[in-house]
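As structure tokens, the structure follows; a few thoughts come after it.
Per-chain numbering from 1; labels A, B, C and D assigned in written order.
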Amino acid sequence: MTARVTALSDAIAAHVRDGACVALEGFTHLIPFAAGHEIIRQGRRNLHLVRMTPDLIYDQMIGMGCASRLTFSWGGNPGVGSLHRLRDAIEHQWPAPLEIDEHTHAGVAAAYSAGAAGLPFATLRGYLGTDLPSVNPRIRSVDCPFTGERLAAVPAINPEVTILHAQRADRHGNVAMHGIIGAQREAAFAARALIVTVEEIVEELPPAMNGIVLPHWIVSAVAQCPGGAYPSYVHGRYPRDNAFYQRWDAIARERAGFLAWMNRHVLASRDHATFLASLRQVA
Amino acid sequence: MTARVTALSDAIAAHVRDGACVALEGFTHLIPFAAGHEIIRQGRRNLHLVRMTPDLIYDQMIGMGCASRLTFSWGGNPGVGSLHRLRDAIEHQWPAPLEIDEHTHAGVAAAYSAGAAGLPFATLRGYLGTDLPSVNPRIRSVDCPFTGERLAAVPAINPEVTILHAQRADRHGNVAMHGIIGAQREAAFAARALIVTVEEIVEELPPAMNGIVLPHWIVSAVAQCPGGAYPSYVHGRYPRDNAFYQRWDAIARERAGFLAWMNRHVLASRDHATFLASLRQVA
Amino acid sequence: MSDWTRDEMMTVAAARMLWDGCVCFVGIGLPSAACNLARLTHAPDVVLIYESGTVGTRPDVLPLSIGDGELADTAACVIPLPEVFSYLLQAGRVDVGFLGAAQVDRHGNLNSTVIGPYHAPKTRLPGAGGATEIAAHARQVFVMLKATPRSLVAQLDFRTSGGFLEGHGARAKTSMRGTGPQSVITDYGVLKPHPDSDELQLSALFDGATVDAARAATGWPLKVAATVGTIAPPTAVELETLRALHARTREAHRRPVRLPA
Amino acid sequence: MSDWTRDEMMTVAAARMLWDGCVCFVGIGLPSAACNLARLTHAPDVVLIYESGTVGTRPDVLPLSIGDGELADTAACVIPLPEVFSYLLQAGRVDVGFLGAAQVDRHGNLNSTVIGPYHAPKTRLPGAGGATEIAAHARQVFVMLKATPRSLVAQLDFRTSGGFLEGHGARAKTSMRGTGPQSVITDYGVLKPHPDSDELQLSALFDGATVDAARAATGWPLKVAATVGTIAPPTAVELETLRALHARTREAHRRPVRLPA
């Protein structure tokens, strides 16, 4: 399979169905906001969202009613506080009940890695001394066939669709990224379909050697989407808008204010460029 | 612990004891020949050698009587044929019996990865349809606690000492490498002690970002050793001497010729520079 | 100089616990400030690891999040997140794990998951993140939190990360590989585990803090070590370095970000 | 042009089996020549993976070993070897695995480990390397070897890699994920498995080869497919491309290497 260079809206329409298990990854860096907004615009429902650190983008998707289940390991606004929409969904089932499948970072990282490797489960020295296994039946154990030691086991994560943002792709769909990469490669290899938005599509990528490349034949669709990670950041292109993360705390605190903001900036914008323009008007 | 910049002979004397489990890694590229020769010069015995692809360096170490056990997955002279000293040890117990612990590449790679991760075993979809488990009791199985599937399991490999060769280190002992890297990082993280020979020690390494760096606090000793991977190669420095690999077939075919060559070039040379000089005289 | 805040004293006290060259897994917030203060003062070669994969990082300003670009630019290397947890933490290569929490109990167990019942939460907190495995596998753990009877509690609402479990050697019987929370740094002083019972007890007070104040801020009947030390107030160098770090950080985070075009 | 060798015919026939864009895990030797010939002729976008971690590589000369620097210089990316086997092969992302072997049996099982008993070998061979898992997980497998009654054998001395096991659907009952050896390319023609019995039978002959010669070179009573095709001889372009590749390779490997100083 060779990656199709396409419009983001077409990629989402083609690959993200209602009820799908979808992972938007990016650890602080390269968070695919543009793709998340497009999923909101297209009104997807009952998604099983997976992400180590539900960030503002999942706060928005959950608050807009896209999700019915969340697999995660840390759900906050980093350095700021709560994700109010996530909390409202968990604490008050608004706008819909949200089943949660809660893990630790080590557990999700291992589960993505197992998914990438085509294994049904991951083994780790994890979940020791924690109550998590008492609330999550998906955390089990396995005995070492050599030492007899009991270790933790989690099921592999194999998203139907993984969505990433990256610095560049070439016209064949090879994707290059650098900087903090979290568990993105594992989430990419674990997925049945992989959508990547990029800042720029170039004719040819430079020789990569040991650099991070997602080869075109594991990429389902590439969409050029400048600023697509904003308000998170793209190493070498634009910094994280920490002030926006701080402002989000007030925007998302109340349902009405949240909905008004989403309507004005996301739903009223036909694409990410328009979304960014709408923010520029406010600034 | 901070890495000591030291002479190779001191590093081998300090870390490689008779009977130790030792892994010299490097997949075609960056094979630590200088370190292997130093182990031969220091007359180590009963080593448990681990390496995915026993290359000329293990042919030499085995032929010189350093090893009593070998964990491996492919033992040949790549593109040329047999390793005659390895075969002589297995077929005729010369110069000493050699216990073999035979795996597949996937199995050894997984075992190093498990060792690096501090897990007692690795799980893989491996050893299917092969007779290897019937001759290697260390290949076992584990059942997935979620799906019930039976998978292969191998014990983690945690060498007492892993030895690598790399392009550069800084004076703190941080090591940078690039090019084909095989399972070197996994073998490094799996080891209790890590010795690295490098082409060059520099004051400061350039910023690495996603490049391959072994941080100084996992490195036990660094030794500057130009040409230390010859006749294998160092990307960006010198090419593989394919002709030498072809010549080795004749050198190693008979015991007497092998011993004469080793005596003349390795034992009679006090260090790797002298070894290289002795080869230059022949050429 | 005596016009320091309790936050500053906590940060300074925590920083002093790190030694030069130690390998430290850094949580965000107070731990991040403490670790970088140590690096900028007595421990220039402390190895700071953030769970985002930045190893040996030397940020000029404190990150707001755990994955700011500054951390990557100044790192010895940036590795995939799964390797941080497997090759570094789980393999036992981290000397000190530095954690915060919403609640700590008398045996150093931590809650950062939920206040109230898990399935009907009063307040849903962010959750475990890296904390559970840091608490299990770092050779020792330092915890930082402000003391109130609602943070130092007799009973956790949820145990996110294991300290000494039920105490009296319970942890040593598990496969948790580190030695557990050896210091809990609060804003009145430092708690350390009793060698037999593993119960946290008052081990040292900040200059100006009292045993009574410490007890009032603790949700269980706080025991006091045979000898309670006094922690020297911040030195001028420590305070200046910390305040300059915070000032640089504030300025950097205030700098307006131009929206990408 | 009819002055081609059997080696050349084998290589050309194997190359033709690859399609443009297919993801191919390449063994060294004859498979490597075939895969690169395909890339230089009808399949410019074939994705070649060598187990050394070079992905999407486009070498100008054939590597002597599986990890020559040329492979890294021309690769789309170079990844750690454990990922080649886990993320690419085991996860089922490889279309074609290309293997050689010392022995093949009638059900496409392969031996590259030992001639004679394992514990008292007559000839110790290199062993499995990547072959066992390539044979299990590549979506299909092509095998290349020169036919003699000692290479196409009734009974393997050791089963290194599974083909159709005992045949008659035995493989499909295992957790081997690929469809197994769909073509065995010998120097007289191509064997393919019978759809029911999984037994390899003569499916096509090279120009000039005969059924009798094929039978004489096979260590079991070779069955012949209902219709046996004839494989067109190498075209001028194929032969010229292959010979130029070999000439470049010979010259590169002959180039004296200066000993490092």
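What we mean here is this: contacts are C-beta pairs under 8 Å (C-beta built on N, C-alpha and C of every residue); 3 or more make two chains touch, one makes a residue touch a chain.
Just so it is clear, the structure is predicted and the values come from calculations on it, not from any experiment.
With contact taken as defined at the outset, chain B and chain C are each touched by A. C-beta contact counts were set side by side for B-D and A-D; B-D has more.
Rounded to whole angstrom units, the spacing between the C-alpha centres of chain C and chain D is 56. The centroid of the Cα atoms in chain A and the matching centroid in chain C are 28 Å apart. Computed from the mean C-alpha positions, the centre of chain A lies at a distance of 40 Å from the centre of chain D.
Residues of chain D found to touch two or more other chains are 72, 78, 86, 90, 137, 177. Within chain A, the positions touching two or more other chains are listed as 117-119, 124-125, 149, 179, 181, 209-212. Chain pairs that touch one another are A-B, A-C, A-D, B-C, B-D.
Across the complex, chain A meets chain C through its residues 27-29, 52-53, 72-76, 78-80, 82, 86-87, 90-91, 102-106, 109-110, 112-113, 124-132, 135, 149-150, 179-183, 185-186, 226-227, 230-231, 233-235, 237-245, 276, 279-280, 283.
Interface residues of chain B facing chain C in the complex, by the touch rule stated above, are 2, 116-119, 174, 189, 207-213, 215, 217-218. On the chain A side of its complex with chain B, the touching residues are 117-121, 123-125, 138, 140-147, 149, 151, 153, 155, 178-179, 181, 209-212. Residues of chain D touching chain A in their complex: 21, 23, 45, 47, 55-56, 72-73, 75-78, 86-87, 90-93, 137, 177.
Contacts from chain C toward chain A in the complex involve residues 28-29, 51-54, 63-69, 71-72, 78, 80-82, 85-86, 89-90, 109, 113, 118-119, 121-133, 135-137, 158-163, 165, 171, 174-177, 253-254, 256-261.
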